[in-house]
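What follows is a set of notes on a single structure, which appears directly below.
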Amino acid sequence: MKSVFYLLDTAPYGSEKAFGALNAAAVGLSKMDVILGLYGDGVYLVIAGQDSRKLGVPNLADILYAYGELRVLVHEPSLMERGLFEENFIETLELTDEEDFFESMKKSECVILL
Amino acid sequence: MKSVFYLLDTAPYGSEKAFGALNAAAVGLSKMDVILGLYGDGVYLVIAGQDSRKLGVPNLADILYAYGELRVLVHEPSLMERGLFEENFIETLELTDEEDFFESMKKSECVILL
Amino acid sequence: MKTLTIVLTDGPYISEYADIAYKLAESALEQYKVNIFLYLDAVHIPKKGQNPSFFTNAGQLISGLTEKGAVIRACSRCAGARGYLPEEEIIEGSNCRDYYPGIKITSVYELSEMLSKSDRVISLSR
Amino acid sequence: MKTLTIVLTDGPYISEYADIAYKLAESALEQYKVNIFLYLDAVHIPKKGQNPSFFTNAGQLISGLTEKGAVIRACSRCAGARGYLPEEEIIEGSNCRDYYPGIKITSVYELSEMLSKSDRVISLSR
Amino acid sequence: MKQEQTNVFLLTRPPLNSRSDLCLKLADRTKNVRLYLAGDGVYHLLTKIEEELPECKVYACKEDLEARSIRAGDKVKIPDNFYAMFIEDVMEHSEHTYTF
Amino acid sequence: MKQEQTNVFLLTRPPLNSRSDLCLKLADRTKNVRLYLAGDGVYHLLTKIEEELPECKVYACKEDLEARSIRAGDKVKIPDNFYAMFIEDVMEHSEHTYTF
């Protein structure tokens, strides 16, 4: 495999899955082309200003900033369905329509859902 | 508590949840009024003729038969949505419309989702 | 004194319910009796030796509740399936050497017992 | 020889993916190299001492695959969080005394290593 | 004067989730509802749940709002100690408690 | 003669599930699809998935059908050894493999 597409469809903080997807994607960067695709509830990760200190869990937005070289695609229809139009988004992410999102999945050699 | 409503909304066999809900409901019978409500994917449990030997997991239909005194309510709209019209159902179950299903939940002193 | 019973079914970290149950129980213990029943994957919550670098140790949290009076029990079928076995001897309030102090493995009948003696019940599961 | 890597994220019993992974790996091992990476809750799968009265022992199943040549590794962060700690000493092919034989705890970097050397990848998670 | 009995709902799932739908359906058929949003339940504020359930008092957990960077509208109450308030409501003033 | 490259999908989720929807959307945009149903994925036969995806070859796992008491229509293939067939397809004849 020279490319991998991690798909995250779980909301951040309610589960370790978002943290796990970010870690797995980040450590893969040195060996492969890695894309993290945010789909369904995974798109909640885009909101800027997350502060998880009082929950005693890692700040996932900070992890996204720390791995600026990681390509993160955001499935726009999932954002729209969830009422995420007026929020500020983390800037490094790429909003993609359904067509482009699925094309990226198909272009990657493998897709991993966590 | 004198009454408990266990709500199962997970498909049988893909997870231990259905087995867990059946066991918890069955052991409660001696102390309380127990209802097991099948909702969403939980309604797949109604199909007669289940044979799980080759999977190496308990036959959940047999457990339902074994606890004939357990009241099991089946949410009919969930059945319809899942295309379960032409199947044979286990006879001891009670099909209920949405109104009655929610009324039963409200009449029980507590609702437990597994 | 009124009694609250909390039923959990998820393991730690993969879901936030161990943390939420801790906060609920901690608040409730100031005035009420609290039971927690660990069912299905929740029997993993009290496993000893957790070292979650970035998260709060869920096993220690929940074990700490027993010092404040919470009664915490794990389902023996679920625990046995996952490799947690009850023993005769009780050490630090636990009958499982794999568990943090204060948490005992008992049968699922204990769940019915807890429920029948409770005023309120909360279940948390993903 | 072609290589298949299977990525798991769920614990045993609560999901059927340990069983499905076993069947996939067993078939694949007849002709191919097989890696299995245990991530998140899947690090519970190899826990020793499982006694699931009504189900097939998932830990023994997966441990048996290593005898047929499968390489099975667990994420060290996920394992450590849940109380499974790697040790220096390797006994029966494992560096964790809580684990069935043949399964080692390694870092998540091993996942990238496995993926980059694989021809096909299958992930199973609920 | 005795406080009126309420029905307390705790919702910890995000929108577009089958358990959230079940919660909202049941709340819709119930009187005197107090809806507590914690965990991923606070994402319902993005879809204005407080306007969908105008009869219902809505509370949200501050730590969960901060972690997820969600702002609450004026109709939503953000208690200083969410869990203490929830527990008091459940134990002392509620007829029924439902958790989704 | 070289066999045509296929795209192999393994679906283990029931209908009305967001991952099933994602699987079907992706399958719909993909050529030469072989859809393998295992686990709770076999419940898709109740909603006639083989008719929704007429271009697609559909296989179902026998043990999973039996456990769940699901009958398969004529268009659905039920291999003697589902996993052996799946693995051969994945390893030897597929361009891509997707699991949902």
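Letters A, B, C, D, E and F mark the chains as written, and numbering starts fresh at 1 in each.
The definition used in the following text is that contacts are C-beta pairs under 8 Å (C-beta built on N, C-alpha and C of every residue); 3 or more make two chains touch, one makes a residue touch a chain.
Predicted model, so just to flag it, every value in this text is computed and none were measured.
Engineer: Shared touching chains for chain B and chain F?
Structural biologist: Chains touching both chain B and chain F: D.
Engineer: Among the other chains, which touch chain A and chain F together?
Structural biologist: Both chain A and chain F are touched by D, going by the contact rule given at the top.
Engineer: Fitting on CA atoms only, what is the rotation between the copies chain E and chain F? Please report it in degrees, nearest 5.
Structural biologist: The best-fit rotation has an angle of 180 degrees.
Engineer: Copies chain C and chain D touch; is their interface built from the same residue numbers (over half shared) or different ones?
Structural biologist: Since more than half of the residue numbers are used by both chains, the interface counts as same.
Engineer: State the chain with the largest centre-to-centre distance from chain D, centres being mean CA positions.
Structural biologist: Farthest by centroid: E.
Engineer: When C-E is set beside B-C, which has more C-beta pairs in contact?
Structural biologist: B-C
Engineer: Measuring from the mean C-alpha position of chain A to the mean C-alpha position of chain B, what distance in angstrom results?
Structural biologist: Centre separation, chain A to chain B: 37 Å.
Engineer: Determine the centre-to-centre distance between chain C and chain D, using the mean Cα coordinates as centres, and give it in whole Å.
Structural biologist: Between these chains, centre-to-centre, one finds 27 Å.
Engineer: Please tell me the distance, in whole Å, between the geometric centres of chain B and chain D computed from their C-alpha atoms.
Structural biologist: 33
Engineer: Provide the list of chain B residues touching at least two other chains, using ranges where the numbers run on.
Structural biologist: Those would be 13-14, 16-17, 40, 55, 57, 109-111, 113.
Engineer: Give the residues of chain F touching no fewer than two other chains, as numbers and ranges.
Structural biologist: 12, 16, 18, 39, 97, 99
Engineer: Chain D: which residues touch two or more other chains?
Structural biologist: 13-14, 16, 40, 55, 77-78, 119-121, 123
Engineer: According to the definition already given, which pairs of chains are in contact?
Structural biologist: Going through each pair of chains, those in contact are A-C, A-D, A-E, A-F, B-C, B-D, B-E, B-F, C-D, C-E, D-F.
Engineer: Going by the contact rule set out above, which residues of chain D touch chain F in the complex?
Structural biologist: So the residues of chain D touching chain F come out as 2, 4, 16-17, 20, 23-24, 26-28, 30-32, 119-124.
Engineer: In their complex, what parts of chain B are in touch with chain C?
Structural biologist: Of all residues in chain B, those touching chain C are 1-2, 4, 16-17, 20, 23-24, 27-28, 30-32, 109-114.
Engineer: Can you list the chain A residues touching chain E in their complex?
Structural biologist: Within the complex, chain A touches chain E at residues 11-14, 40-41, 44, 47-55, 57, 61, 81-84, 87.
Engineer: For the complex, give me every residue of chain C touching chain A.
Structural biologist: My answer: residues 13-16, 19, 54-56, 126.
Engineer: Where on chain F does chain A make contact in their complex?
Structural biologist: Interface residues on the chain F side: 18-19, 22, 25-26, 29-30, 96-100.
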